Amino acid sequence: QAADSQYFPLLTYRTGPYAPNGIPFANGTIDYFNYVNLKHGGVNGVKLVWEECETAYNTKKGVECFERLKGKGATVVYPNSTGITYKLIPNAPKDKVVILSSGYGRTDASDGRVFPWVFTAPTTYWSQASAFIKYIGAQEGGMDKLKGKKIALIYHNSAYGKEPIRTLNLLARKLGYKLTTLAVNHPGQEQKATWLQIRRDRPDWILLWGWGVMNQVAIKEAINTGFNLERMIGVWWSGAETDVVPSGAAAKGYKAGTFHAAGGDFPLFHDIKKVVYGAGKGFKDGEKYIGQVLWNRGILTGVITTEAMRNAQKKFGVKRVNGDQMRWGFENLNLTESRLAELGLKGFTKGIKITCADHEGNGPVLIQQWDGKKWNIISDFISPMQEVVRPLIEKSAAAYAKANKITPRKC
Amino acid sequence: MSEAPVTNGANGAAQALLSVNNIEVIYDHVILVLKGVSLEVPKGGIVALLGANGAGKTTTLKSISNLLGAERGDVTKGSILYEGTPVQSLDPNDLVRRGVIQVMEGRHCFPHLTVDENLLTGAYTRRDGGAAIRDSVDKVYEYFPRLKDRRSALAGYISGGEQQMCAIGRALMSNPSTMLLDEPSMGLAPQLVEEIFEIVKQLNQQEGVSILLAEQNTNMALRYADYGYILESGRVVMDGVAKDLAENEDVREFYLGVSGENRKSFRDVKHYKRRKRWLA
Amino acid sequence: MKHSERKFGDTLLKVDNITLRFGGVKAITDVSFEIREKQIFAIIGPNGAGKTSMLNVINGFYHPQEGTITYKGNPRHQMKPHEAAETGIARTFQNVALFRGMSTLDNVMTGRLLKMSGPSMRYYHNKLANMPVINYLTYPAMWFGDFLLDSLYWGPYQKEEVAHRKAAEEVIDFLEIQSIRRTPVGRLPYGLQKRVELGRALAMEPDLLLLDEPMAGMNLEEKEDMCRFVIDVNDEFGTTIALIEHDMGVVMDISDHVVVLNYGRKISEGTPAVVQADQDVIDAYLGVAHEEDLNEN
Amino acid sequence: MGEFWEFVLAPVLIFESWQFGMEVVISGLLAGVMYSLVALGFVLIYKASGMFNFAQGVLVLFAALNLAGFIGLGIPIPLAILLTIGVMILFAIVVEYLILRHLVNQEQIILFMATIGLAFFLSAFGETIWGSDVKKLDVGIPQGRFEPFGIQIQYLELTAGAVAAALVTVLAIFFNKTKIGRALRAVADDHQAALSVGINLRTIWIIVWAVSGIVALVAGTMWGAKSGVQFSLSEIALKALPVLILGGFESIPGAIIGGLIIGLGEKLAEVGWGPYVGGAIEDWFAYILAMVFLVFRPQGLFGEKIIERV
Amino acid sequence: MFYREAGQFYTSYAKDQGIFQLRQDKYGLWGILFIAFIVIPVGLYLLVQGGLMAASTKDYLYNSIFLLLLVNSMAALGLNILTGYCGQISLGTAGFMGVGAFAAYKFSTGMNYRNQHEDDAGELVSQLVPMLPPIDNPLILMILAGAVTSVVGVIFGLPSLRIKGFYLAVATLAAQFFLVWCFSRVEWLYDYVSSSTIQVPPMKLFGLVVTGSETVMRDGQQVTIYPAAETKYLICLATVVFFAFVAKNMVRGRIGRAWMAIRDMDIAAQLIGIRPLATKLLAFAVSSFFCGVAGAMLFIFYLGALEGAEAFNINESFAVLFMVIIGGLGSITGAFLGAAFITLIPIFLVIFFPWLGGQFGIPVSTALVEHIQFMIFGALIIIFLIMEPLGLARLWQIGKERLRQWPFPY
């Protein structure tokens, strides 16, 4: 392995039931890496090299991929699936590979004292859940108006889908709204029963915590049963272009969370179009994804990684960074808004500051809305209710530490 | 393949309708069963294929009707000609269309079809209209009144002998010109055995159906057949005009039993194994 | 030995007024007979007369609507087939019913199953018959112990297996099927399959052996062999045999008593000679031609 | 009424509001018919060859992918449908030529396994050609709903019901009143015997696979209209299986009746009992329901009798 | 020529009843075991020491290939008992494996239940109370997991008395779906964590770290010890070999004969005195035991952390069934061959195509590789079935029969 290159294993999924989401997501990161190489000759002259491995969103396959690729000099891995994240976490300290799971994976891993190698920046499910409640409160005209309101959570019946329940329940006790949870089994092709229950309960708001075809069907059912889409908010994995394709214009009004801007109108993106696709170095048919929600998310992953790497290079005065150095780079990342602007991403997301104890950063959440043709951001950054979420995280992490005989670091 | 030696035909006079030339059959890629079998069926003849258990009678018949493939068997050598053309590359159903039909050993009826439906299925290849087919069904029922009683029963539930009748009846339904019969008399009551052979003879004489008959009931078979082949462990060990065979001493001893006053009771059969002279 | 001289024991099986219907079809109507110990008992009749059904009734596969069956002096009701086997009834089938995936040896060995520890709780019952109180706890415990030994193929279990192998080999020797011991039975020609089937039944050391057309599809020589086996079994082990056969020569020669069924009804019964002369039987079954045939012989 | 009884009777208690109750019933029945559409394809192939076609779900996906793909290329809808039918027929021919004819007279489980291989192949093949993104499939099936007496009914499902009824009628007539129908059953019973009476297995198989492909196309169109065309479409096969065993593997009307029972049963259970136990019970409930029926009728409601005779 | 029984006679039935008919087979097996237990660990160790192989490659071989292979073989053995020997097709295998995994988890954490109450401030407090002492011996855990799974298997096996063939296959999906539903719904099973994910606690065997990690003071320094891949491998290997031996013994003895009798012709089996229900349930019990052990093994050694609904989804059930059929129904060797086929071929293809593309300078996209892999895999299944419907084991056997006759063709 050449000293002037940095290797990244990419566990992506371009086939299987979740492929429509996996493709733009994977393309985003790779397009960015490509761009950095083409435009700047890498990060401080260190070329980025990467290798994709197809997981089909399947844990076993993902694990096999990681084991196969980690020896090639991996320092960061994006598991791209909650199941794989869970599996990789215990071994991360041994493998010396940073796990970056932006907006998915194990929320309590945000506690850097117990999980030094895991980073959930910029935000987590629990933050998102609390931000949603904040948003709903604001829409209703104040948090006190939430009392007695009915909120239904339609969720993918999996670890992923269940993540917010605890937070939402806690908030329900605090704020007095009534939460009904409706599980939908994978794949979620058939949701009649769920929507019948929605018809019966007539909730004021619906939170959709779906994945894959479940999103498309849920949105379609909402339209067909006549639910007001303005009052239905999807999680950030339920708010991409693919999710509204079958409904198209009829899905107008549907909202979803996100942690970065939508759309392609950033200088960086124009530059990527020019530098990567203009030079014919992009993916075949890949240009159409530029500016799509999940592609943008892939960019963010790339940006966080390269910035952390830059950080480490500066600190340790090396070109290629090793696992420990990379970890330091992540842990001390301060991606300011001005730096984002430098990168051509002004306003793309809020600044991210990671600390030793807090691997989440500040967890900003945005709300976006589908206007029938594209997604538009309709809210300011909503800060999660840290006072509620953080103790939950710490408690949960402490339990993990106890079960696994880990002594938390001092920060 | 075509160079296979011409065998001693039935009798040079009648033209061979079906001729099997020196075929070799292997099951499952490893089990060699037929080791060069040749035989001929003249047009309008009744030929009997005799032999002990496992001699390869069924295998011979199946290789003629091309049903071996379904059992993972293969004809690896030799050729089979029907009306002078090789038939090995044909589908079984092509053969049926050409008038060759086989009654399989072991009562292969369609268990979930009624007797009636089984018979109608037998007429699958016929194109001469419903009325003609109905007539044939009636004819079969005439042959086998017992079947008529059970016509609406599922074939899977009828008795063994009834299934045998059903299988034979089904074959008759196709108006064949050549029949390959594999132990048609098995499991039938004595009276019926007689009848079956009468039917065979009648078909042969009135409709000119040629018949190749594998039988254990040597007595009967030789009485009705014109010509016979005796198969032992995959080889033809003896063949000849039926009458001659019936007179042959070995055949009498091993296949026919000594009749007349000397007929031994099954109770008094000796407790030693005799050896067939030709296997020495 | 002429059969007129043969001596039979007590009644082993008594069939009383059995009627069996399938929907509207009457397979057996009001049939009664008795099978005595050590007898070779033949059931004959035209196709579809109900012979096989009768055997099925005897070993519990069919449950007659009317009538009773008394076996070894005990009347039975709604007996399950495996229970019949446990009381010593074995049989062979008209359409060979071997375990096609297994070798000849294994097929014969399955016949020994009931004699082995393990599969049958009855085995423990017999073994522990005089400790009635603790039985219900000890059966399962002993069974489980045996099961564990089994899975290790160790100690007592191995001994037992070998002992039964010996018994199975005796049957194999007796039937002269040594050379096909290891052949999967699916590959055997029909006649040998029938013989293996007989072997499986014999391995059960039955008291009553039911044979359904054991000689169908065999040539003379093989029939002779088969007859010899049947007679030997009867002579040497004293097994009672009930058989169905369409070959009149065989039936007349080896059986002691014959029952003739027609359309589910018993039309005649008696020694072979009596039955053979019965005009009803000739009309319904033997046919005129056959009569001549027999006379001619 | 005690809590216990409230729980036990939950599926009945939803009728407290009769409109809602009716809505559950109607939705359930219509959802069931959607399953039937998929189950029908299974039935056809099983009926004709005793083959449990694991690839049926993928076939649904494949058909829908082709249709959506052709429409995506700008081909007018009627032509696209014709083209897809053509593809399905071609597919049947290829399957027969490459697979089925080599597996005559094999055990059912072997045939089953072969269809699994086919499923692997086909799903990847379809996606390689048409890509993995979600495709909209709109062939003009009416969307939206109407609400007689305050009971909500969706047009899509109503259409599916009508189509299924039509399909079943046509297929039932085709297979019961023609010579081919009898031949099919013969083939399923015993390949070798069928060959020996001169039934051309190859033609039969091509016909049946083609028809089953067309049925898959119908199912794919209906389901695709609901969720878009994507990989997950193949997984609805799992929803069709309880329908299949409940109705019986060989029965075309059974597929419909089974669908109705399963659809109704699972929706009542989910809406009634679901909230008490955490929801998402309908998947296993459908199977348990089917299993309960099987315990009483091991061949399903309309399947062919399992013959046990020695 | 050399592969013959010539000159090998057995003078007692005990010998003739041995596992192998041929001495060569016996030596072959010992050879394979020798390779698996000694040559592989030592060889890989030496390769790494000698710098001929990267340590991570060694770990990859153990963690991703050998372990998975062993787990799959174990599951395939289990299913083969039920489907291959007793003829009951089951699609609930993954569900049963899941039972094993969760049983292992519950026993390893002491069967916690939750004690929940509101404190004075109205806050909900909950705490986990163990019911049993936690067990940290993986071997005991696997046995317990198997036992629990047996019980569950027997319950779901009950309908098999009435339901047969594919109807049973589909009906066993009821078990699959129900169990998986439990894994995500019965909070007790996963100690009430919000994500329903279970994680294996640290375990040791014979003083060696097996799972998790251990921090010790060594030379005044804190050192964290992680489990060695070899340890996991050898434990799993020994387990699988032992159970394969048990399975072989069962199927060649009376129990196996009863199962096969039921499989081949259940009516005839009844008529010779085999009790159908008891025999089938025994098969369900034993098979589930094996699957339970496989599940525990998957959980403890291979995945370490898993989400029941995902790790044991229906596709895993199918995968195990494929292994059994491809390998050869009713063959112990077949279970291993099938597991190897289904596990290794996809990995091989995934590595092979990019390599091949690299040779010609054509970059192959991962999606395309995956698709090609599926197509080839599907095609291979079909080709194998057409060549030999009875599976790889039969192919192997034919090969041996040929060898026996060699150099004579028949």
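General remarks:
As written, the chain order gives the labels A, B, C, D and E, with residue 1 at the start of each chain.
Following the convention adopted for this analysis, a contact is a pair of C-beta atoms (placed from the backbone, for glycine too) under 8 Å apart; a residue touches a chain by one contact, two chains touch by 3 or more.
Computed from a prediction, not measured in an experiment: that's the story for all the values here.
The set of chains in contact with chain D as well as chain E comprises A, B, C. Comparing mean CA positions across the assembly, the chain most remote from chain E is B. For the pair chain A and chain E, the distance between C-alpha centroids works out to 35 Å.
Chain C and chain D have centres, each the mean of its CA atoms, that are 47 Å apart. Per-chain CA centroids place chain B at a distance of 30 Å from chain C. Centre-to-centre separation of chain B and chain E, using mean CA positions: 50 Å.
With touch defined as above, residues shared between interfaces to two or more other chains in chain E number as follows: 181, 184, 267-268, 271, 367, 370-371, 374. Each of residues 14-15, 19, 23, 157, 185 in chain A touches at least two other chains. Residue positions 124, 127, 132, 278, 280, 283, 309-310 of chain D are each in touch with at least two other chains. Under the contact rule defined at the top, the touching pairs of chains are A-D, A-E, B-C, B-D, B-E, C-D, C-E, D-E.
Residue ranges on chain E touching chain B, taken from their complex, read 398, 401-402, 405, 410. If you check the complex, the residues on chain B that touch chain E are 26, 28-32. For chain D in complex with chain C, the residues that touch the partner chain are 310. The touching residues of chain D, counted against chain B in their complex, run 104-105, 179, 182-183, 185-186, 188-202, 304-305, 307, 309. Against chain D, the residues of chain E that register as touching in their complex are 83, 89, 159, 162-167, 169-171, 173-174, 177-178, 181, 184-185, 267-268, 271, 314, 318, 322, 325-326, 329, 367-368, 370-375, 377-382, 385-386, 389.
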